[in-house]
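Pasting the structures in now, so scroll down.
Two complexes come next, and they have one chain in common, chain A, joined by chain B in the first and chain C in the second.
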Partner chain A sequence: MCGLFKTPAYAYITARVRARKRKLIPKETYPKLLNMQLPEIIRFIEESEYKKDVDELSAKFKSIDLLEHALGRSLGASYRKLMDISRGEVNYLITEYMRRWDVWNIKTVLRGKYYGASEEEILNCVVSAGELHYPELELMAKKESIGDVIASLEHTPYYPVLTKYEGGMLNKIEDELDSLSYTRLLDAVGGSPGEKFFLKFIQTEIDIKNLKMLFRLKKAGVEREYVQNILITGGLELKESDLTRLSGLSFSELVHSLDGYSYWRSISDVVSDQMTTLMDVDTKLDAHLMNYASQISHYYPLSILPVLDYVLSKKIEVDNLRVIARGKELKLADEIIRSHLVM
Partner chain B sequence: MVAAEAAGFIALGAGIAVGLTGLGAGIGEQSIGAAAIGAMAEDPKFFGKGLLMTVIPESIVIFGLVVALILLFVF
Partner chain C sequence: MAIKDTIKPTRSELIGLKKKIKLSESGHKLLKMKRDGLIIELFDILNKAKNVRSEVEKDYEIAQQNLNIAKAIEGVVAVKSTAFALKDAPVITLESKNVMGVVVPRIESTSVKKNIIERGYGIIGTSSRIDEAADAYENLVEKIIIAAEIETTMKKLLDDIEKTKRRVNALEFKVIPELSEAMDFIMLRLEEMEREEIFRLKKIKS
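Coming up: the complex of A and B.
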């Protein structure tokens, strides 16, 4: 009976996200964008769904900076809109999923303060897509020290983690914040069929995050203990025992021990002992996640899954446009830019 | 006495036919209506299609009404 009343809430939000997803740039357009010069790309984006953001920021920024800021702002606004137009269970799940942006923003402000960045520089890097609204982020950026920033977050769930900060490098609390956002998300997911897939998606996302970290840390030759502490538990295929085992391997051993996992199919053509860049692996893993989200969104149409699919697709679109614009600005070869696009 | 009882049951049957189909249509329409409003909020061009989709479950009420009318006027 309860599900009967939940259905309209999901019907409304999924209809909206499906309509929004239709407005995203189709992947067939990316090769066309690659053939354009930077001014043409900027004009293309100005005339697209980003028009409003570009117009509003055009007085403040120019060229590629305008593009970067407009894309970031549009991303934040789209995610915030999702939270505004949903209610009940679906709103709760979206809010929990968007906490990653709160974590991102807190980390950005703390890092900014740590390295003495100006208020404007910090605010340029935040994405107001989580529970912390832009005015709150502005107040945080205005604080004098890291201690003041942490004190201003007393009312948030992140405060207990932040109080562990004892000065010096921020990486320890940053890792704990990441873990906290995933722990909260895993706890928030219920038992309906759609949510079971949502849980599976989150677990896959954790696996992919762990794999990316493993590749990076092992390539850099970081010690086992540090690697083990930094990895997030709760993944789908990479269980705690797997993470312990993998964190003790060398880069070459790591590459050869991944063929037992389903992710191997997505990355096998770019992974080798001698690989010099990890960018291709990141791109392939992101594409795997995007395809997975798109696939499961059709399993239970009236669930959180189509929302998740849109959220991920929008993020990837923004990232792709950034890659193209920045790549063109740096005059990189089209093939290099193309290899960094998630499609 | 028997005729009065039969008339009562016929009326009850007619009421159930319309009532249950109305409930069924309402349950069906709640999700379709919500989805139609959602689609229209993103693109007003969906108005016509949304309206059409929303009233489709109403057809089941017409069937219920036909059954009720047959019960009331044919029997």
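Coming up: the complex of A and C.
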């Protein structure tokens, strides 16, 4: 019975996201963009769906900075549109998923205040894609101190975490905020078939976050207790006992103890205990998550999954365009740019 | 002005000149030894400077490459936002040490190289691209500080070698020859005066 009530809401939102997805740049375009010169790429983006954002920001930014801000603004507007056109449970799930952008913005404002950055500098780094609207972010950026920013968030779910801030560096508060967004998301997902896959996706994302953190922290030789406290619980394969075990290992031991997990297949060719860079591991794990998302996106057409597919596809498009444009501007080798594209 | 016009041909002047020549010769010897010592020091530093310069260039390339990748993949907005998380500048202390009378700097730095958890940004919301860009730039700053010490030392040694060389040359080709010439002139004049005196006495006797 419950499922029958939900279906019309999903029918509407999934029809809308399918229409929006059709407007996204097809995958075949990226190799062509990669062969273009920078002015051609700029022109392509300026004449695409991003024209409105480029035009509106052209007085404030120039060249690739203009493109990057236009891409970020378009991403924020697309996600906000999803929240506006969805109702009920769908809206609740989308809002919870988009809280990561709220966390991003809160972290940026706090960092800006900590560093003493100007209001303009802070606002140039926010992406208004979550529940917090741009005017609210503007008000936050206008605050005098970190304490004032925290006080202004009193009626948000982030306030209990923020009150733990005791001055100094923000890393612990940042990690707790990120952790909170995942915990809330896990709690928000219900038990319908589509949502079960959505939950699996979130759990996989948590596993991948944990794996990336384990690699980074173990390579830096961070002590076990710190690693254990920072890892996010609620993953799919990496349960709490696994995390406790893995956080006690050295980097070399960690590398050799991952072959039992499904993620190993994605990273085995770039992982070794002598590896000097972890960038390839990050890229491979990101690709693993995207592959999983595209696999499950068609399982239940009238569920949250097509919405998730659109959310991720839009993010991939923005990331790919930025990687190509920035990569060309910064004269990165085509192989490096290609290796970071998700196609 | 010729020496003859400025020097009084007296015995006391001769004694004074002899002392000056002795002093100049020992000074010349010491300065030559200092110059040679500084050149040996310079060659030691030169090798280090060559190595550190190429290391700085290499580290700069790596740092720039890592930063460019972070900017392209994460976005300039994300890199800027993350950079706000740390406001402490590295502490650099400047001391001095003495190398054969040349005062050269000794630069020491603290809190340049940081552990991943000391950089101020959260771990969950950032990536290894940010870590590696930060790491590469920390290495670069450390190397630049070492290069600054070595290259300043080298510059100061070169300046001092040049100065010492000028002094050695001045003593060797100007001061000592002029003093010797003056001494020869006084000796000649004194001998002549002695001969004149003998001649005068003989003339009075006869």
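Keep in mind that, in the parts below, the second predicted complex is superposed on the first by the 343 of 343 C-alpha atoms of A that agree within 3 Å, B and C clash if a C-alpha of one lies under 4 Å from a C-alpha of the other, contacts with A are read in each partner's own complex, and residues count from 1 in each chain.
The rule is short, and it goes like this: contacts are C-beta pairs under 8 Å (C-beta built on N, C-alpha and C of every residue); 3 or more make two chains touch, one makes a residue touch a chain.
Bear in mind that the values here come from a model prediction, so they are computed numbers and not experimental data.
Undergrad: Between chain B (first) and chain C (second), which, if any, makes contact with A:L302: first, second, both or neither?
TA: Once the two structures are laid over each other on A, A:L302 reaches chain B alone.
Undergrad: Tell me the contact category for A:A19 with respect to chain B and chain C: first, second, both or neither.
TA: First partner only, chain B.
Undergrad: Specify the partner with more touching residues on chain A, choosing between chain B and chain C.
TA: Per-residue touch count on chain A favours C.
Undergrad: Touch check for A:E174: first (chain B), second (chain C), both, or neither?
TA: Once the two structures are laid over each other on A, A:E174 reaches chain C alone.
Undergrad: Answer with first, second, both or neither: which of chain B and chain C does A:T29 touch in the superposed model?
TA: neither
Undergrad: Touching A:A9 in the superposition: chain B (first), chain C (second), both, neither?
TA: A:A9 contacts chain B only, not chain C.
Undergrad: Mind sorting out which residues of chain A both chain B and chain C touch, each in its own complex?
TA: none
Undergrad: If you look only at chain A, which of its residues touch chain B in the complex?
TA: So the residues of chain A touching chain B come out as 4, 7-9, 11-16, 18-20, 23, 85, 302.
Undergrad: Going by the contact rule at the top, pick out the chain B residues touching chain A in the complex.
TA: Residues 27, 30-39, 41-43, 46.
Undergrad: Per the contact definition, I'd like the list of chain A residues that touch chain C in the complex.
TA: Within the complex, chain A touches chain C at residues 65, 68-69, 72, 103-104, 107-108, 111-112, 114-117, 121-122, 124-125, 127, 169-175, 177-179, 209, 212-213, 215-217, 220-222, 226, 230, 232, 277-279, 281-282, 319, 322-323, 326-327, 330-332, 336-337, 340.
Undergrad: Would you tell me which residues of chain C are touching chain A in their complex?
TA: Checking each residue of chain C against chain A gives 65, 68-69, 71-73, 75-78, 80-87, 115-125, 127-129, 131-132.
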